[in-house]
Amino acid sequence: MSVNEQFQPTIVAFCCNWCSYAGADLSGTNRLQYPANVKIIRIPCSCRLNPMFILRAFQRGADGVILCGCHPGDCHYTTGNYYARRRMTLLFSMLDFMGIERGRTRVEWVSAAEGAKFAATMNEFVETITKLGPNRRLEDLRCSKE
Amino acid sequence: MKKIARSELNALFAAIAEQKQLFIPADNTAGQAEFILWKDGVALTEKLNTTRSAKDLFFPQVENLVNFKVSDKKMEIIENRDPAAPFVVFGVRACDCRSFDILDSVFLSEPVDTFYKARRENGIIVTLGCTKPAETCFCGAFGIDAANPAGDVTCWLDGETLYWKSNTDKGKALTAALSVLTDCDENAVVAIQENTRKILEKLPLNNLDLSGFESDKLMELFNNPAWTELSESCLGCGTCTFVCPTCQCYDVQDFDNGREVRRFRCWDSCMYSDFTMMAHGTNRPTQKERFRQRFMHKLVYYPSNNNGVFGCVGCGRCLQKCPIHMNIVKVAKKLKEVAK
Amino acid sequence: MQQRVKEKALELLRNGTVDRVIGWKTGEFFYDLTPAVFETAEEIEKDFVFSGFSGANLSKYAIAQSRAAGKTAIFLKPCDSYSFQQLLKEHRILRENIYIVGIACEGMLDMEKIRAAGCEGVVSVKENGEELIVETLYGDRTLSRKDCLLERCAVCKSKKVVIFDEMLGEQGDEQETARFDRVAELEAMTPEERFAFWRGELSRCIRCNACRNVCPACSCEKCVFDNDKSGVRNKAAADPFEENLFHIIRAFHVAGRCTDCGECSRVCPQNIPLHLLNRKFIKDINELYGTYQAGADMETKSPLTDFTTDDCEPSIVHERGGVK
């Protein structure tokens, strides 16, 4: 059995309280399946996501981090996700600049009605990260499970 | 006294490395000298000194102390100290060599720091006499002779030859195992030493007058009005403390990874706002007090507890590296000027 | 110019325009100038120096000094004036208490570069047009002035003093520069090469915090990295991750506010090219949200406190060119 077949990535999904968290709920009530690798952390708005949260998720064992928020234009606080969009664009670009694999971070807009999109996104993201393998470039060796 | 041709240095390093880990000052990718683990291809730097001092090999910036694991109501203590392999550090300058006397007086007096002690016992210091001191050097002010450094072994280098003289039992044992060295006359290095001393005389700071810092003047110095002005532009960074060969303060911190707690120590700096933080808050609320602590420690507190030996060796690193160019020389001169 | 700056400092203090002057103070050598506050004409006569080694950006000192009683004069080189105006924009400086003297600048010298050129025991450096005559304990050397400029001066972005009450010398203009070339070179590398490059650089970090403390954009009263309740406080990088964390967050916290004054790299004792991280953000901002220069004016919104409804998606990072 190859290493990749054994590898079960840990995914941290930061979900906005108003859209994406409700979207995740909906996918649950609709009995849509997405892998248990995804650990959801609820945040009040996508713009609450401090870049430090993403880095610390990687430090403490995440292999991929995804941010889900309301679609642009639909923010509960009107404009939060627009700011988040710029911040995440710059942060992801910086991570890429430092040689961190591009696929490890992602932003997806998921509304409260998009339970199916939530499940599909998570399935796809878990698959991407499984292919990428364990996070090595942003890991903290003191936290490694071995 | 022994010698080896300069062109054969690589063979000497290879012979040492066969027995123990060898660190030599070599240029890094940033064009600065640092102590690098020797392997074939690593060449001795042309630079006078390393940016970071030889202290780092004996008292590393971060060092694991112990791990704790808690399960149910039991706590397991897991020893994880680095066993510290025997090593040789080559090319230590006279100033850095003296710094070990100061570090020893702190770490090897009761209660003994066993981590430091293990590295001191495992380490052999091979010094190298200076031939091209810099304008920032002032080891002479502390009675250090850059032309004749101490250490387990002392070396001198001229255009063609490296001269090698063992001083201690550890040094002699190392020398005995190095067949690449050949015998030579003790007087071979006199010319090198004279040449160095001629330059030392010309250095602007080498005769820095450090009288007037005796312990009876402690309160007077502490309350010297010059501290406000001296510390005014200090950024509160830790550069001076981290490049200093004699700074020895550290903090003990715990890192909890969710399964176990890793306790480690890391260098601390009296320039930092949370240095010696206590439950009531900090006793050095502004940069003035932090700044004063550093220089009072080097110039007054340490000497008054150690028979007048200053806590500085005049290596000049802080003179070169401070972002705002404030340093111990400026402080010492200003304090004396104001005290008059 | 060196004499004119000193005379201006004396004049402002003597005629009562200001109560104190922020400038550069002479040191033990010719190059080790310290930023200082001068309160009397005698102090200025004795110790005030403006020279090719007055590289230190004084603008951050205006935060505290503008809160002192009376008025303070400050000397700003073009790049310093951007930092000053950015601080003003963030309401960190009380403008009415500061009198700004702008100084035309021909680029500041880097003692590290002079040393790296093989000059040891440097006694003096004389500027002779495009040449530097370096007198050392071991003989004289002649170097090209342009090879000894601070990195930020070698790729100077602007000779324009953007805010001043009075100007010494000719006002200059923004200029075309090659300052993003190195960033572009890194972007063209593979992720593996980039990762190796940054590991090599950041592994030398000793967490002295000089880059942060000197930065005019880093003016928080308490930094998150010093706050023991933040969960990320660390005094040393106990793991390479912490080096990455500190430097990514340091650069991110000043993104959109960093004027590219280059102080972070100037002060790094380990010669880490920290400005490249800041410039990466500036380059991205320019490319994705339109050209923006922090501190250039008081009105334009910072790109990170602004948005448009048709901004690109973060996935652009995955889609754009370059090696994946």
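Order of writing sets the labels: A, B and C. Residues in every chain begin at 1.
Please note the rule applied: a residue touches a chain if its C-beta (ideal position, glycine included) is under 8 Å from a C-beta of that chain, and two chains touch if they have at least 3 such contacts.
Worth saying up front: this structure is predicted, and the values here are computed from it rather than measured.
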{"item": "Most distant chain from subunit C by Cα centroid", "value": "A"}
{"item": "Chain pair with the higher count of C-beta pairs in contact (A-C, A-B)", "value": "A-C"}
{"item": "For subunit B paired with subunit C, centre-to-centre distance based on mean C-alpha positions, whole Å", "value": "30"}
{"item": "Whole-Å gap separating subunit A and subunit B, where each centre is the average of the chain's CA atoms", "value": "46"}
{"item": "Whole-Å gap between the CA centroids of subunit A and subunit C", "value": "36"}
{"item": "In subunit A, residues with contacts to at least two other chains", "value": "140, 142"}
{"item": "Multi-chain contact sites of subunit C, meaning residues that touch two or more partners", "value": "238"}
{"item": "Where subunit B touches two or more other chains at once, by residue number", "value": "255"}
{"item": "Contact set on subunit B toward subunit A in their complex", "value": "255, 257-258, 262"}
{"item": "Interfacial residue positions of subunit A with respect to subunit B in the complex", "value": "60, 140, 142-143"}
{"item": "Interfacial residue positions of subunit C with respect to subunit B in the complex", "value": "27-29, 31-37, 56, 61, 111, 116, 120-123, 137-138, 200-201, 204, 206-210, 212-214, 222, 226, 228, 233-238, 266-267, 269-272"}
{"item": "Contact set on subunit B toward subunit C in their complex", "value": "28-32, 48, 51-52, 61-62, 132-136, 199, 202-205, 229, 232-233, 235-239, 241-243, 251, 253, 255, 264, 266-269, 272-274, 277, 319-321, 323-327, 329-330"}
{"item": "Partner subunit C, residues of subunit A touching it in the complex", "value": "51-52, 55-56, 58-59, 72-73, 79, 82-83, 85-103, 105-107, 137-142"}
